[in-house]
Amino acid sequence: MTTGTVHLEQATKRYGALAAVNSVDLEIEAGALLLMAGSNGAGKSTLLRLLAGLIRPTQGRVLVNGQPPHSSLESRAEIGLLSHKTLLYDTLTARENLLFYGRLYGLENRRETAEAALANVGMSARADTPVGTLSRGMKQRLALARATLHRPGLLLLDEPFEGLDRRASQALSQRLTDLRARGETTVVVVTHRVDEVVDLVDRVAVLERGRLCCDSAWRGGGLEELQALCDSHQEGV
Amino acid sequence: MIKGVVTILWKDLLVEWRSRERLGPMVVFVFLIILVFNFSFALGGSALHEIGAGVLWSAFVFAGLIGLNHTFAAELDNNCLDALMLAPVSHSSLYLAKMLGNLLFLLVVELLSLPFFSLFFNLSPGLYLVPLVAVLTLGAACLASVGTLFAAMSSNSRLREFLLPLLVLPMIYPALIWAVKATAIVFEHSRPSATGALATAAFWPGSLTEPVSFLLVYSIVFTTLALMLFDQVLED
Amino acid sequence: MVAALYAVFLYVPTERQMGLVQRIFYFHVSSAICSLVAFSLVFVASIQYLRRREERWDRLAVASAELGVIFALIVLITGPLWARPIWGVFWRWEPRLTFMLITFLMYVAYLMVRAYAAGSVEQTRRFAAVLGIVAFVNVPLVHFSVNLWSADQQLHPQKVELAPEMVVARYVSLVAVGSLFLFLLKRRMELELASQTLNRIRQKLDDERGDDGP
C-alpha cells in the first residue's frame, strides 16, 4: 500500500443550508500525523468521513493519493477507519472478525495476517471470544487491528480514546507510536485527549464551525502549548 | 464480485447461526399463523383446501417481514455498515449478499413449515414436491428482492417496523397473487379426484407455467431494479 | 377552470339513464386518469432528481404524489358511491378497483417515507425518489396481474355507449379536472419552494444567532 497523501481543495459539505465543512484547504504529506482539533460540532467528524470517502463533498475536491477515496475499489483499500464505534460484529469472535475483513479486502495469507494482527495488539489469548463480551479497551485494540489489517496508506481515527481508561489509552497510544515509527501510514487523529498524542503530532489543524482556522506544523513542545494552540481558536474571534 | 457476495453472505449466515434471532422467530411465527387460520376456518366449516394456498403465503409474507427487518440490524449495531462501505466491495455485492441471505432464510422457513401445513390443512404436494419447491423459491425471491431494498431504506427510521410492511405489502401484491395461484394449482393437482386416482401423472402441471414465469419475471425485474438503485440508497 | 366545473354540472342534465348518480362518472373517470398521470410524473421526476439532484424535480415529485393520492382517493370514494345504487355492492375484488387500491397504497407509502424517514433531508429525498421509480414499475405489473386474475369479477363495463352529449360532457370534465390538477400542482410546488426557503432562512438565522452565543 502506498502511503497516503491528502489533498483537500475548497472541500465543502452542506446539509441543507448548513455547511458542516466549509471551504477547507488542507495538505497532508505522506507519513505525517495530523491532529485535528476544534470544539464539538465544528465539523471534525464530517471532515474525517469526507476523507474516508463515506460521504462526498458538495463542492470542492477531496483527494487521497491523488484520487477521490471512493472512486475505485483500489482507492478504498487505502483507507482505514477507527471510530468510537468498533465496526466489529459482536456475535463473532475476534479471529472471525479479522478473517472476515481480511477476506473482504482480498488479503493473501489472511490467516497469518490475522494472527499477526491479533498478536500485535495483544489479543491472541482472547481470539476465540465473541467480541461482545470483551471490555471496551480490548474492543478498541481489536478495532485498531481491524483498521490496520490491510495496511492502509491513510488511517483515520475519530475519538479513539473515548471511553478508555488510563491503561487502555496508553496501550492504544503505544500502538500508534509503533505504527508511526514504521512510517508507512499517514494518520489523521480527531481527539480531545491531546495528552495521548502530544509526542506523535507533526501537524495541527483546528476547525471552527466548519472552517479551518489554524493549520500549522508542530515542531515538538510541551502538552500545555499544544493544548493552548487548540483552545485558542475556540473562543470565537 | 462473486467473492464479495460470498464473503458477506457467509458472514451473515455465521452471525445468524450464533444469535439465531431471525430464523427462530420466523418459524414460530409461521406456525402460529397457520394454526390461527386453521382454527378460524375449520370452525367456520369452510373447505380448508380452497384457502390453503392463501393461508400459506400470508404466513410466509408476515414471517418474511420479520426476517427482513433484521437484514441490516447487525450492520447498524456498531456502525459496521461504514466498514462495509469502506471495504473494496461494490454496493451491488452487498445488496446481492443480503438478498440471497433473505432468500435462504425464507426458503428454510418455507420448507420447515410445509409439514405443519400439510398436517393441519390436509393438503400435500404429493408428486409435485419439486414444482412446489420451485414456486416457493421464486416467491421467496420476489419477496427478498423488494424487501431487501426497502429494508435498507427503512432501517434507520424510528418507525422501521411500521414502514417496512407498508412499503413491501403493496409492492409484492402481484407476486403474491401469482404465488398463491401457483401453489393452489399444485395442491389441486395432487388431490385425489373423485374416482380416487390422481389427476395426472405429469411431472409439471401445464397450468403452472404461467404463474411460474410471472414470478420469475417479477424477481428478475425487481432484483435488477434494486441493483441499479441500491447505490442511491447507501450513498450519502 | 372553475367555470368548466360548473359547466359539467349544468350541461349534463340532458342525459340521465342511471339517474343522478351517473354524473359521478365524469369525475370518477377523469380523476382516475389524472391520478395515473400524476404517478407517471412522480416516476419521471424521481429519475431526474437522482440524475441531476436539482431540487425542483423533488418538488415536482412530492406535489405529483400528493395529488395522485388525492385523486386516487376520489376515485376510490366516488366508485363505491356510484356502485352501490347500480351494482348493489360497495366493493368487489374486481380488476380496476383492486388496481386502484393497490396503487393508492403504494403512493401512500411513498408519502409516509417522506414523512417518517429519519436522516437528512437529502437522504429522505433520495429514498423517496427510489421509491417513486420502483412503485411506478410495479404499476403495470399490478395492472396485468389483477386483470388476469379476477377477470371473472369484472364489474366495470369494458366499453360504454355514450350519447353524443355525454361524450362532450366527458371531455369537458376531463379538461376541467385536468386543469384543476395542473393548477393544484403548480400551487403545491410553489408552496414547497416557499417552505424550503423559509427553512433555509430559519437555519441561517439560527447559525448567526449562534455566533453571539456564550
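Structural remarks
Letters A, B and C mark the chains in the order given here, with residues in each chain numbered from 1 onward.
Quick note on the criterion: a residue touches a chain if its C-beta (ideal position, glycine included) is under 8 Å from a C-beta of that chain, and two chains touch if they have at least 3 such contacts.
Remember, it's a predicted structure, so these values are computed and weren't measured experimentally.
Contacts between chains leave no pair untouched here, as each chain touches all the others. Taking the mean of each chain's C-alpha atoms as its centre, the chain lying closest to the overall protein C-alpha centroid is B. Looking at which of A-B and A-C shares more C-beta pairs in contact, the answer is the pair A-B.
Subunit B and subunit C have Cα centroids lying 31 Å from one another. Averaging Cα coordinates per chain places subunit A and subunit B 41 Å apart. Centre-to-centre separation of subunit A and subunit C, using mean CA positions: 49 Å.
Looking at subunit B, residues 235-236 sit in touch with two or more other chains. For subunit C, the set of residues touching two or more other chains reads 120. Against subunit C, the residues of subunit B that register as touching in their complex are 146, 149, 153-154, 156-159, 162-163, 166-167, 169-171, 173-174, 177-178, 181, 214, 218, 221-222, 225-226, 229, 232-233, 235-236. By the touch rule above, subunit B contacts subunit A in their complex via residues 3-4, 7-8, 11, 14-15, 18-19, 74, 77-80, 82-90, 235-236. Residues of subunit A that touch subunit B in their complex: 52-56, 73-74, 76-77, 79, 81, 83, 85-92, 96, 100-101, 103-106, 130, 146. Within the complex formed with subunit B, the subunit C residues making contact are 50, 102-103, 105-106, 108-109, 112-113, 116-120, 123, 126-127, 129-131, 133-135, 137-138, 141-142, 144-146, 149. Subunit C meets subunit A in the complex at residues 120-122, 199-200, 203-204, 207, 211.
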